[in-house]
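Below, each structure is written out as structure tokens.
Both complexes below contain chain A, partnered by chain B and then by chain C.
On to the complex of A and B.
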């Protein structure tokens, strides 16, 4: 083990949260080192327009994502089963390499609702005690506290959209349910196409409040506050699961790296995997990390501050491998690391037209229209048997034919009839989907697998997860609401895609894995405090959606980024002056 | 070269090797400071169809017969046969995909649930080999010594339908449903992938459905308002319309 010279800050992982944190802490004058286990990636070399639109390579052969060969996770639906490794990715697609999952996201850039941050106290006050087994809790931070940080991320990315609530004033055409914004979106909304026009008309007929989806696909040329230049989106239909060759999708590469990489006080190590967080003899202070490069050489990297910026599943695992905090045990309810693993509950309805062309290839990751009338607590849940909800949207993200070939109800899955149905409906169909919340339950959790190991001999992470009673009741309700809209969109027929049976780890759903390193109000209910600082080890911070105590009915990226800016501000304004716990236990 | 001139063929060969060298640059651990580490003229290139095969001639006949029933050539136009789906699958099985190089293939292997996905000890190429042998053995047993490829289309369809339902027992513990499902997945890949990979030959899959392929700018069409957009498809290497006339 080679011991390296100390640095002020070591960041574990270098995607969205790592890049934001590095930019903020180098601005504060600190020497920052980011350690990324994947490769360096830049737009012209790794995903230019000449190689980016390749469905087989990036998605089906998974070249865009974390490789499974060296390290994966094991999965089971419940504790009575033996977990088996996810030998290839399916339901979600963690990123690897510089930019992380932020290279292959869609760019649907939502803020959680004010009530989402206080889900336990809000719902308890309105509907009474939470059901047995539900472990939902408050975040410990409020929407109002995060708003300036949401705003910074909007500006960094050049988000396109239409405000619905500007400093408390409801604005026609935006989302009237959103928390108050301090400013209009930096850029106008995406250009709606035929399908969105039908969705908007149908939603209005139902008395709902449609608006254009907030987008990190650039709607016009934009220079962000760091001076990075982004170009208008060309609606090529290769966003989610692909890198953008046009500099048209906000990512670490397009919004931060051109500035950050040139700073003298920033260093990036790639193809180096962090194996553990080291601590002093008290166990209360992190001394740095150990890491290994692809040649197998091991290093000890001392640092004053350790910040976990990897994917939530990797952050939780690194805490467990390092023995920081107690791993949650669902049998006893004790321990916190790995607790409240949540996901996203998706339902959908497909609309088929006879003589209208939806032309889905004219698409973009965040080209869509949405309604928020059935999200969070925007509607009365009395008697419904669940809390939470989701936005319902009609996105036109792609017509990539291996992945997206809708067929009407009753079509066989192969043969001449299948082929004819695919041909007839490929350009004349669209999907309306509900993006449902996922409420925490005592039974869903992460821990270390007792059997399977990674290439370094360390235990894989084990996921125990199934849809919960709340999820199922919510999914039924959201499916009905989604279908109502779909039926008014003027199509020949509607096919309802039901969410039934156990959670299946293989069909793609979303890469919105949350929890495991949850935030909260006391060391008794959370791994990190409201500033994302470890209760146990005050010079350790944990970023990412792993800190969500439960997941809301939105895509997580903007909330992840806002929490990162919030934590960075606390480190700069409070921690550096007086290193120690920012919240007294 | 002997006369001191570079032939066009030689230049192409050299530049192809250069491309490969750039693509195959090994992933190295490195430390980056004070710069954007970008080198001009380097692209992380795909691994195109290279003619390599994994399947034996008999195995190829079996898989060809399967995919030609899954995506038949019929009144609606070309199918898996014209698209070269078998060449695509064979080449994929001969490469990193067939070897499961990017999959977690450490044991132990044991009983699993459908929700846990692929849990076979062999990577895809080996699973195909075992699946084909089992399918042909089962067909011989039930259909007078004839292998799957030798059955008539209606019988092949009946066998595939039973496999899909899990109602067709295969020997050697091969789960018929999982084998069917993998072949179907690969057939669809081969029918709709970029022609770079040996399938979707002449873009017949894309033409069937109206997908314009690897174009990268649809801004002129945003106001389509439900009208059909008809565009000649292009692949990553271009398209027939790019050829000189």
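On to the complex of A and C.
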């Protein structure tokens, strides 16, 4: 093992949170090293418009995602089953390489609701005790505290949208349920298409409050506060699962790296995988990390501050592999690392038209209209048997021919009739979907697999997950609400896509895996404190959606980014002056 | 330990020598600025190596010349040069040993610089870290390798002399003329050359070609290549590397990166004032390409180009260059248009605009005939009326670039 010269800060992983953290801490004058296990990637060299829209290469052959021949995870629905490795990604698609999953996201940029951050105390106060087995808790940070940081991310990305709550004043045409914004979106909303017009009309007929979806696909040429240039979206419909070739989607590459990569106090090391966090003899102080390069050479990298910026599943696993904190055991309820793994529950209804063209090829990852009337605690849950909810939206994200072809109820799943139905409906159908929250339960968790190992001989992460009673009740309700809107959208017929049976890890649902390194108010209920600082090792911080104690009914990126800015501000203003615990246990 | 002491003593001796020559902080800073106006770093630095340590190959039509090390290194640099030696080189093109310099070093432009400015550059270079690094030998064929030949060249094409202001013009115009034709040496690329590589003064700044790039007409007066740019847009381009009409790529990217982005707005404005005063002869409109070529070009353009450059060629100003009215696209010389289609292009990242917005290469995707068609189409559409591009021109440039890359 070769020992390398020390740095002030080492970042493990270099996607959205790594780039934001690096930008903030290099600004503070620190020497920052980011270690990324994937490769360098940039727009003109890796996903220019000549190769970006290649369905086979990027999605079906998974070139855009974490390679699971070297490291994957094992999956089971419950503790009675034996977990098996996911040899091919399905239900979710973890990113790898510079920019992480932020390269292949859709760009739907939501803020969680104020009540989402206090889900336990809010719901308990309104509806009484949480059901048996539900382990929902408060984040330990509030929406108001995060608002300036949400705002910074909006400006960084040039988010397009329409504010519905400007400093407490409700604005017509925006989302009236959202937390107060300190300013209007930096850019106007995306252009709506025929499908969104139908959705908006139908939602209004039902007395709901439709608004344009918040978008990180740029609605006009934009120069962000760092001077980085983002170009207007061309509505090509290759966002989620693809890199944007036109500089039109906010990512680390388009918003931060042009500035960060020029800094003398920043170093990026790619194709090096961190194997462990090292600690001193007290176990209370991280001394750095060990990592391995593609030739198999191992290094010891000393650092004063270690910040985990990898995907939530990888952050949780690295904590377990390094023996920091006790891994959660669902049988006893002991331990915290790996606890409260959550996902999301998607339900949908498809609308088919006879003679109206939806033209999904004029699409973008965050081109859509939504209602938030059934999200969080925006509606009365009395007697419904669940808490939480989700937004319901009509997005026109794409018409990618291999992936997206809706067929009406009763169509065979293969053969000439299927082909004919695909052709008939390709340009004349759309989907309304609900993006449902996921409440934590004691049974769903992450730990290390006892059998399967990665290429370096380290145990794989094991995921134990199934839909919960709350998920199922919520999904039924959301499906009904979604179908109500779909039926009013003027189509020939509506097909309801039900979410039934156990969670299946193969069909794609969403890459919003959360929990495992959860935040909270005391060392007894969380892995990190409100500043995302490890309770056990104060010079270790953990970013990412792994800190969510439970998942809300929104896409997580903006909340992840706001928490990163929030943690960076705490490091700059408090920790650097007085290194140690920022919250006394 | 003894070796270390000796090394320290040697360093001390060096720095004493340095002290004798360097003057005040402000003189060094003045020199830094003047060196920037001359883009000295662009030629005298191999990207990624120590500034001014030389060795960068300069391809010329006559062979490759390597810019020398101009740090004050004793052996391989100019550490033994006096201020008079330096002045002789910059002002007259004569090296310390009396050798004639090749005009790849633009002394025909630098001769306009006053002695005080040249001295300041000397003081600045003297204050930089000294790096011992030999430049590779030049590869000029005989008789060009015979430097005394340059005496004759100078007799014919070189008039030494410090810039003399034109009293009939404003101080701003004079400052601009001095910067453009003196240290800025814009004509080195943007003025066409005669058979022996000297500027054709009758075509001053009306466009030239070097190293397989067409440097466009940069006159801003009547019929000039950038007559449609405002003064503010000229300044913006030189400061940030882009404006509503275009973005800098290739050699101009270096000029902006090392030189003009570091210059004051007042100096850049002065350059704009001067360029504005220069008219060009009217261009005759070329006859449009055959309908079949236009149809093919239009279809290729729609599929490959229109997402960024827009169906009507208006692009996204400051992001993706508009092609309608573009100085590069309309250039009678199609080399740059073809080359960008073949190789792609990268807008220069600057302090003001750090994003290197880039266009991908189409060499792997389009045939010579397809590139010729789409180049002809954009050169003959939306008000552009530049001559058609032939398949053989594309083929020959593709081949030349391939060979250049192999070297």
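Side notes on the structure shown:
Keep this in mind: the second predicted complex is superposed on the first by the 585 of 585 C-alpha atoms of A that agree within 3 Å, B and C clash if a C-alpha of one lies under 4 Å from a C-alpha of the other, contacts with A are read in each partner's own complex, and residues count from 1 in each chain.
The criterion applied here is as follows: a residue touches a chain if its C-beta (ideal position, glycine included) is under 8 Å from a C-beta of that chain, and two chains touch if they have at least 3 such contacts.
From a predicted model like this one, the values you see are computed outputs, not experimental measurements.
When the shared chain is aligned, chain C comes close enough to touch A:221, but chain B does not. Of the two partner chains placed around the shared chain by superposition, neither chain B nor chain C is touched by A:522. By the touch criterion defined above, A:452 lies against chain B but remains apart from chain C after alignment on the C-alpha atoms of chain A. A count of residues in chain A touched by chain B and by chain C gives the higher number to B. Once chain A of one complex is fitted onto chain A of the other, the partner contacts of A:229 are limited to chain C, with no touch recorded for chain B.
In the superposition on chain A, A:44 contacts both chain B and chain C.
When both complexes are overlaid on chain A, the residue A:247 reaches chain C alone and has no touch with chain B.
In the superposed pair of complexes, A:401 makes contact with chain B only, with no contact to chain C.
Of the two partner chains, neither chain B nor chain C is touched by A:573.
In the overlay built on the shared chain, the residue A:121 is in contact with neither chain B nor chain C. In the superposition on chain A, chain A positions 44, 48-51, 232, 234, 236, 245-246, 258, 262 are in contact with chain B in one complex as well as with chain C in the other. Interface of chain A with chain C (complex): residues 43-44, 48-51, 221, 223, 226-229, 231-232, 234, 236, 245-247, 254, 258-259, 262.
Within the complex, the chain C residues that touch chain A are 304, 307-308, 316-320, 344, 346, 349, 352-362, 365.
Residues of chain A touching chain B in their complex: 39-40, 42, 44-46, 48-57, 60-62, 67-69, 71-72, 75-77, 81-88, 90, 191, 193-194, 197, 232, 234-238, 245-246, 257-258, 261-264, 266-272, 293-295, 297, 353, 356-359, 361-363, 399, 401-402, 405, 413-416, 419-420, 422-423, 426-427, 451-453, 502-506. Against chain A, the residues of chain B that register as touching in their complex are 27-39, 42-46, 69-72, 74-77, 79, 96-97, 100-106, 108, 110-119, 157, 160, 164, 184, 188-189, 192-194, 196-197, 205-206, 208-219, 221-222, 224-229, 236.
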